[in-house]
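Shared between the two complexes below is subunit A, which has subunit B as its partner in the first and subunit C in the second.
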Partner chain A sequence: MALKTLTGNYAIATAVKLARVKVISAYPITPQTTIVEKLSEMIELGELEADMIRVESEHSALAAVYGAASGGVRSFTATSSHGLLYMHEMLWWVAGARIPIVMAVVSRTIGPPWNIWTDHSDVMDHRDTGWLITFVENNQEALDETIKLFRITEDKRVYLPGIVALDAFILSHTTEPVDVPDQSLVDAFLPPREQPYVFRAGNPLVLGNIPRDLKWNMRMREDVHKAMERAKKVIEEADHLWEKIVGRRHGGLTECYRCEDAKHFMIGVGAWVGDMKEAVDYLRDRFGLRVGLIKVRYFRPFPSEDIIKWLNNAASAVVFDRSISPSVGGPVFIEVLASLASAGVRTPVRGVIAGLAGVDVTHEDLANVMLTSISEVEELGAFKQNVLWFYGGE
Partner chain B sequence: MVYDEVVEIRFHGRGGQGVVTAANVLVDALLKAGLYGQAIPFFGAERRGAPVVAYARVSKKPIRTRSSIKSPSVVVVLDSKLSELVNVLEGLKPGGVILINSPEKLDIKKGFKTCYVDAVKIALRHNLMLSGWALVNMPIVGALARILEVPIEAVENSIRERMEGKIGELNAIAAREAYNEVVCVE
Partner chain C sequence: MPISIKDLPKEKYVLPGNAACPGCPENMGLRFVGMALGSKAILVVPAGCTAVIQGLAPGSGLNFPILNVPFASSDSVAAGLSSAKKVLGEDATVVVWAGDGGTADIGFATLSGAAERNDDIIHICVDNEAYMNTGIQRSSQTPLGAWTTTTLSGKKERKKDVPLIMLMHRIPYVATASVAYPTDFIEKLRKASTIKGFKYIHLHAPCPVGWRFDPALTASIARLAVETGMWILFDAEGGKVTISPPSKPFIDKSRRKPIREYLSIQGRFRNLTDEILKELEKQVDENWSLLLKLST
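Let's look at the complex of A and B:
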């Protein structure tokens, strides 16, 4: 154990260094910038043997690391909000080519109006690209999950790129104690990168050209889908291996907090899951309510099996989303509903849209939403309104 | 202090005074003292000299809360003139502590504990200056350590780790002097 105080962004940079990444490319954007600033500094000081490719845009940043990764080299990039949107097309190229890359996304509101604070709209906008997507709760998880994501994405059962998403400022720029594992432990966890084909000078390959048969194209998309399904097991394995080697686990696809006897569930992703845990304790200690929390750690692949298992006999669930798919609801809410419907589970589910654009939500706010929702469902057996907009207590 | 409950702190300073560094050094020192901390900068349209804030939390357990701090138990003011521009007492819990960089006791509303330390004098004593400004942030962390009952050695070591050589040494000395010189009145 070597506890150090790190911001979320420095925790990510430290993880990238420990993963022995060889090529990094990025374009600066608030609040991501300090990740690659720190990595540049590490390269300059000789602490990290890697090349930093300077580019004129995020689109080129991902194109550059896509090229490096196609050459068989472990690569990393990072961005945020509008930068991620500008990169969008390249996310499809990388996933479609089945090239593992890890990208940190410091999740920040999309404009207009101009805004630097956290919400999850930028990440959720990329849910269909074929990238694995994990949301972290704290800086320790940011470090651990970044290292794990290299192993998971480079596993031959997966071969897909992955996003580690951390909330703007409340993680990226907040300093807290983080255990930085020894390099030897990370080396024991993370084998050298292998991939089925490697682009090399003198050995020409063609990738992504127009297929002779459109069914090949469709088959490739099905393969992405199947690889994403297989990733579920790989994520669980990586979590257990990390525990064995480093002695710490955060859960595989989900973490269930105080779920054993829970009747009513909160569900969420990202940093405010910490506030949700405070809310669970408050509701149990103060009101004697049997409330549990499902922290969705991986949004892609989506943990439908875990959701069905926990909610099968539940009295109700409230999903808190920090983004919205207009006219339907929050992305996590939609997936929870689809998971339950696929298994014929009829537990009432409410979707709460809150904390968009960085609007502050306290654990008391979250607890109050739960109190109202629980009394409603206990009285009526259902929710009067399935999608609720919540602006906070004041 | 036992820190069964999370203690929340708000720093008021001016852009360039190093409030974020103050919060970060505090969190380093807390870790050395066996406590958990969170240092939370707040970003707006920062420019040199404009009022800025930063926040911190202290607890004996890892801190899970991520929402913003609205009613701190401690308010730290790096420039006493700021109270003419912003309400530095906003949300301060009844019985809370206000620590001000000031040569003398200031009139603060009843119901709060007021602490003051002449951080400018301490900084100048050691020639801690940058672009014509006295560097008051490390003395302020020293004085804050006294209020939070954090050993000053933890602060000194955190400063030395962050700032190499003579500048670290002088800041560590200034922090200890502020720790010794801070005066609190009910």
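Let's look at the complex of A and C:
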């Protein structure tokens, strides 16, 4: 173990090195660029034995790692925003082909206008592709979760690709102390790569030709759905194993902060969960309010069971989304509502759309939204407005 | 070394009963790829006719390992696959088998990127001069004057010269080929497989359905393209252009057959005007003159 000061992007690059990735391909885009720069440097210095394919586009980046992974080696790519959108069809293809790949997405606003600041819309745009999606809160989690994601995606119960999402600049370019595990510990945690099949000369395996039976094709989609469900257990196992070997855990699908006696809940994903924790402390310490926070660590698979468990007897929940599905609400909000409805839980839930396009949101802002929401729900037993747009303080 | 048909391997890579149309040049081309590269080949195939020709999963009418991939991704997938085989120390020849759309149009940025990086793969463009799989729409490889379902009165633009564009990428090997000259194509494939880096082969492939001719005539029409000088067979190793033996006689313009002989048996040129014919003749002369300059 060694405590180092690393940006989120360097934490990701360090994780990729520790995972002994063999083929990397990426196209630069702000704010992902320093991941691929760092990895290039590691390769040139001989610290990392891997092939770097310096492609001409993001579409080609994911295509190249798909080719490499289909050929039997651990592969990695990273992108942001428009780069991720340009890859879109390849995400479907990789997941449908059941090929484990890990990709870092430094989440960034989608244009127009050009805007490099954080926003979760790029990642949320890919929620139905069949990729596992985890949002991290800090740089330590960025490193740990990237390594874990290789193990999770290469587990035969899963065999799906995975995205580790980190917020633009707030994590990608911010230096934090990060505990870097020894290579021997990572080797003990991460077994040699396994995958459902490998393309080799002389073995006439065919992937992707037209199906004779459409129901068989439909079953492939159901298999992705089931694998995603099975991934829930695999994620929890990986979290416990990481704790056993490295001595640190972040929670499996969710982390619940000061939830034991909580009546009102905040829910969110990504870096601003750190601010939400501060808001919880502030609301409890200053106002004596029994507020807790559900940090959704994995958006796919979605932790419906955890949400139901925590909100079953809650007085209210406020979901903060850094993206919006127009005319409906934030993606996390929608999933929370669907989870509760499926279990017949009638806890009032408000969806707050905030921090889009990189608009700054402080822990005081978050606490203020909670104060208004709690007084509203305590007075009326419900929320006047289900979806609230919040632009932050003055 | 010249190849004799007799000495070619008997192993079948195109199996009976696949989904190709009668007279399909892609089936012919795939058979030659099997003869040339045998079990060393792994094919990467983007959208196009060959996606259909393979037949229905879980079966396959082709006896190669095949990754079917989205349209604009094939050379990058192949680059990654080739890299993985290198990392694992496995002997394989990774071949992109793409149509003119997957090569020259929607696939072009990916092709150019892989060529510039000199990724260790062979790209074969099987050029039937239109988007045949979607039903005969024009491509950048459709010749001037040809009817397609999106150029009802004939295409107004000339064919983009992709082999020369690839030559200008300064890659180790560029060749043109034709389904009418299997041994020439097989020789080129075998040569390409011994060269490290990016290899490009542009295979001329007359399509009976899209060009409107009798399916029995595929090879004859492909041969006429060469004999009229409309399709020139050459290869270029390390940038040095050599006109291939089947095309050598036609360096001499007087030995070329009139292009009308090639055009008149194709329904797609049914409404060809004298003006377009003259323009096509001029283009043939220009193509020869440029290529001969490059070959000296």
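The rule is simple: the second predicted complex is superposed on the first by the 393 of 394 C-alpha atoms of A that agree within 3 Å, B and C clash if a C-alpha of one lies under 4 Å from a C-alpha of the other, contacts with A are read in each partner's own complex, and residues count from 1 in each chain.
Everything below uses one rule, namely that a residue touches a chain if its C-beta (ideal position, glycine included) is under 8 Å from a C-beta of that chain, and two chains touch if they have at least 3 such contacts.
The structure presented is a predicted model; accordingly, all values stated were derived computationally and were not measured.
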Next item on the list: Label the relationship between subunit B and subunit C on subunit A in the superposed model as either fit or clash.
Entry: fit
Note to self: Output check: A:Glu278 vs subunit B and subunit C. Expected answer is one of first, second, both, neither. What do you get?
What the structure shows: first
Next item on the list: Go through the superposed model and pick first if A:Phe169 touches only subunit B, second if only subunit C, both, or neither.
Entry: first
Notebook entry, point to check: Counting only touches as set out at the top, which of subunit B and subunit C does A:Ser25 meet: first, second, both, neither?
Noted result: second
Next item on the list: Go through the superposed model and pick first if A:Ile116 touches only subunit B, second if only subunit C, both, or neither.
Entry: first
Item checked: Degrees between the directions from subunit A toward subunit B and toward subunit C, using C-alpha centres, nearest 10 -> 110
Note to self: In the superposed model, which partner reaches more residues of subunit A, subunit B or subunit C?
What the structure shows: C
Next item on the list: Report, in whole Å, the shortest distance between any C-alpha atom of subunit B and any C-alpha atom of subunit C after the two complexes are superposed.
Entry: 30
Item checked: Those residues of subunit A which subunit B touches in one complex and subunit C touches in the other -> none
Check: Hey, which residues of subunit A end up touching subunit C in the complex?
Finding: 22-23, 25, 51, 53-57, 59-61, 63-73, 75, 89-90, 93, 199-212, 216
Check: Touching subunit A in the complex: which residues of subunit C?
Finding: 39-42, 44, 51-52, 54-60, 62-70, 72-88, 90-93, 109-110, 112-113, 116-117, 119
Notebook entry, point to check: Hey, which residues of subunit A end up touching subunit B in the complex?
Noted result: 3, 5, 116, 137-138, 167, 169-171, 173-177, 271-272, 274-275, 277-278, 360-363, 365
Margin query: Can you tell me which positions in subunit B touch subunit A when the two form their complex?
Written below: 23-24, 27-28, 31, 36-41, 43, 62-68
